[in-house]
Amino acid sequence: MKNKIYRTFDEAVADIPNGSVFMSPGFGGVGIPRNILAAVNRQGAKGLTGISNNAGTVDAKVDVGTLIAAGQVKKMCCAFTATPHPSQVTAFVRMYNNGEVDAELIPQGTLAERIRAAGAGIGAFYTPASVGTELAEGKEHREIDGKVYVLEYPLHADYAFIRAWKADTFGNLQFRLTQRNFNPIMAMAARVTIVEVENDIVPMGELDPDQIHVPGVYVDRLVRIPPDGIWD
Amino acid sequence: MAEHRTPTTEKPRLARQAMCDRLAMEFQDGWIVNLGVGMPTLCSNYVDPTKSLIFHSENGAIGYGPLAAPETADRYLVNAGGQQVTAVPGMAIVHHADSFALIRKGMVDVTVMGAYEVAENGDFANWRVPGRKGGGIGGAMDLAACAKRVFVALEHTTREGEPRLLQRCTLPITAPGVVKLVVTDLGLFEVTPQGFKLSEYAPGWTVGEIQALTGAKLVAADGLREFRVRAAR
Amino acid sequence: MKNKIYRTFDEAVADIPNGSVFMSPGFGGVGIPRNILAAVNRQGAKGLTGISNNAGTVDAKVDVGTLIAAGQVKKMCCAFTATPHPSQVTAFVRMYNNGEVDAELIPQGTLAERIRAAGAGIGAFYTPASVGTELAEGKEHREIDGKVYVLEYPLHADYAFIRAWKADTFGNLQFRLTQRNFNPIMAMAARVTIVEVENDIVPMGELDPDQIHVPGVYVDRLVRIPPDGIWD
Amino acid sequence: MAEHRTPTTEKPRLARQAMCDRLAMEFQDGWIVNLGVGMPTLCSNYVDPTKSLIFHSENGAIGYGPLAAPETADRYLVNAGGQQVTAVPGMAIVHHADSFALIRKGMVDVTVMGAYEVAENGDFANWRVPGRKGGGIGGAMDLAACAKRVFVALEHTTREGEPRLLQRCTLPITAPGVVKLVVTDLGLFEVTPQGFKLSEYAPGWTVGEIQALTGAKLVAADGLREFRVRAAR
């Protein structure tokens, strides 16, 4: 079977072409694939479309905003296209206001379900979220059992960048507490899933088969975060 | 809307913690509670030992505890606002799609959110302000559309003294007709078919004074009384 | 908080009214809530609709077929309305052929996804399964990105009968190996979820929060299987 | 269809294990393989040490091993046929909805199924027989619609000697146009735009003899050869 373990993040992201669609998880600063994002930033792919809960934060840490600030991203699909306070001006906000980057604003649950739908081969689904709001305008509506829903489509991606707590050499993954967030559904949705792992990658058989958050069949590339990697 | 602009009053308004305490007093034993980022998180500071609440956050923590002390905080466990919280026995973690599955199934008994505006028809707006491109929806639309009850906590007026309780929202709404209970720094308001029903007023304030700062007609509740604050513990 | 632990299966199912819709998991003889089904059989509720992978097997063990044989079931929603071999005549097959029980035949993945949709507040979804077959006739079709899908609706239930490996007093559940099958999605879909537990029900805090297969918020009633219960 | 009814031949046909071995020879290293209940499960008896296969079953076992010996079997671990199988290192368990999510995403590289009929257009029928009410679909429709490749293993003729390889299926189909490769007890057949292409024939059988037992026009493959059987191990 193909070896999935890569020595460096740079090798693991080397082939990402311009124009790719990527998914990047993380929520509240936890579960963000910072090492992979830093490598993609070094690698320099351009014209990327990002799928992520937010479009970067104001802190100096590496996140999706790092790629945006570097001009590598043409569009973001996310649940926040403005920061909570006008005083927080991220690279994304500045560039979005200037029309240098495009965005699709998606309710967070719809975002999660659209990612899940891509990983589950669902063609489209009806959700009640956003009905009666500006974001549902132009979307197909349907009344089902007396309740109104809007039709939403899957969000597919070429790459998922994943941050895991533990992994085995086959790519079975475990996450710790709310590090989990978007990680499993993105890992299952993308065409190629690249994972940064916080602990030593263990031989197959060391993780309990009942306790796997992402089966290894979804994982293509694994990199152990080195001691001098990005830990937070 | 010049009629709403009133002379600055010197009367004290309710503190944010008192506002959130009052909403939290409505929570019932066993409820699943989702608190929005910002002011609503203060609801978790009100602890009633006779009630067990299950706090849910969008990022998949079900049954987490109070904010963590810095020295014991676990950086892997954060609430929807990214604040480090504590694990309590019985907590379970799910991924983001399962977390919103729970929300859409209607299992959240109450969600408390901040807002820019609330309308007498139960609409509210909390994700987009005029003159600013984009917005921050987060999980608000999912929660507002699906939670059993939506409570809103907000200042009664804008910094400019304009009312935030209106006949109709002027900003893009988060969900139509869902708000059940509103707390402001001037009182507690039920959203009823007759409009905003003032049930509790801030100490020292009259109905007329509150009405003057409100952009919709207020109805005085039968049992109208002074705002209830937390009992000393 | 409400106590979820019931002393006996009979108490746990006492209030199930005639005409209820129930879900019953299990696959290949594993993960079947046999104790609960036996109690429902004793309780005698009639006119039930069952949602289950199959409609009972030829062995003598308690399963959905026990309720069917007793005339308690008016309709089954399942992936098998015939046994693999004509020689295997279950109570369901005999009664179905006689028109004494109704059935809706559903592809297994569609069955699972319709259950999941009920638990996830999804109004309806598009799946490629069954397109071009007799089972898709009369259903709404839609071409999405060049592929044809059929529209499927959630399967809601009043009760889910669940068999778990471990549980805590709050109802957090764990399953062992392929015992899991339909159990988690049914537990999350029903209005009232009743669980038979194979091990002692432990205090809250004893199960790792990262390793919960069904969060306790979905669980209403727990019964520890007694030594003289049905173990297989 | 009397023209298909042929005199009983005394020639030996291929054994079921040989048929399944031949299909398994097509599996490639790293493939995710789903084997239908019945004859297809025999494919897992063909072990090529140069290839690692990942066996998936509908009930959520990903990467399970061979059938378990009765004395060491774990009754909690069964395949899609309810047979007790072994855990191999790297196995993961998911619930039924996640198991079919994997199927619908198109991650199953090959599914092998039994069938009553296969048609030259790639249709096949395996869930309902005439004269019997109801049917057994199981996961066959999901797998057939979504797997990267559908292989079918079936007897070449019915007990009455009627062909099972047809121009068009007479029974309700499981999925349209999906079958890529068919093995029968008379040979190996690719489903091509030109129809059934016979690529390997059972030892001692001629194309004409096989054609006589087939309900559609056979095309002989360029490299037509005798059926390949498992190398001695």
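Letters A, B, C and D name the chains as they come in the text, with residue numbers starting at 1 for each one.
One rule holds in what follows: a residue touches a chain if its C-beta (ideal position, glycine included) is under 8 Å from a C-beta of that chain, and two chains touch if they have at least 3 such contacts.
Predicted model, so just to flag it, every value in this text is computed and none were measured.
Among the remaining chains, those touching chain B as well as chain C are A. Contact with both chain A and chain B is made by C. The most distant chain from chain C is B, comparing centres defined as mean Cα coordinates.
One finds 30 Å separating the Cα centroids of chain C and chain D. Centre-to-centre spacing of chain A and chain D amounts to 38 Å, using the average Cα coordinate of each chain. For this pair, chain B with chain D, the centres built from the Cα atoms lie 59 Å apart. Centre-to-centre spacing of chain A and chain C amounts to 33 Å, using the average Cα coordinate of each chain.
In chain B, the positions touching at least two other chains are 87, 93-94, 97, 100-101, 103-104, 146. Across the assembly, chain C contributes 113, 116, 120-122, 127-128, 176-177, 180, 209-210 as residues in contact with two or more other chains.
Pairwise chain contacts present here: A-B, A-C, A-D, B-C, C-D [touch as defined].
Chain D makes touch with chain C in their complex at residues 37-38, 57-61, 74-83, 87, 93-97, 99-101, 103-104, 128, 132-143, 145-146, 172-177. Across the complex, chain A meets chain D through its residues 1-2, 116, 118-122, 168-170, 172, 188, 203-205, 209-210, 212, 215-218. Those residues of chain A that touch chain C in the complex are listed here as 113, 117, 120-128, 142, 144-145, 147, 149, 153, 174-177, 180, 209-211. By the touch rule above, chain C contacts chain D in their complex via residues 27-30, 79-84, 86, 93, 96-97, 103, 105-110, 112-113, 115-116, 127-135, 176-185, 213, 232. Chain contact summary for the complex, chain B toward chain C: residues 29-30, 32, 52, 54, 56, 62-63, 87-94, 97, 100-107, 146.
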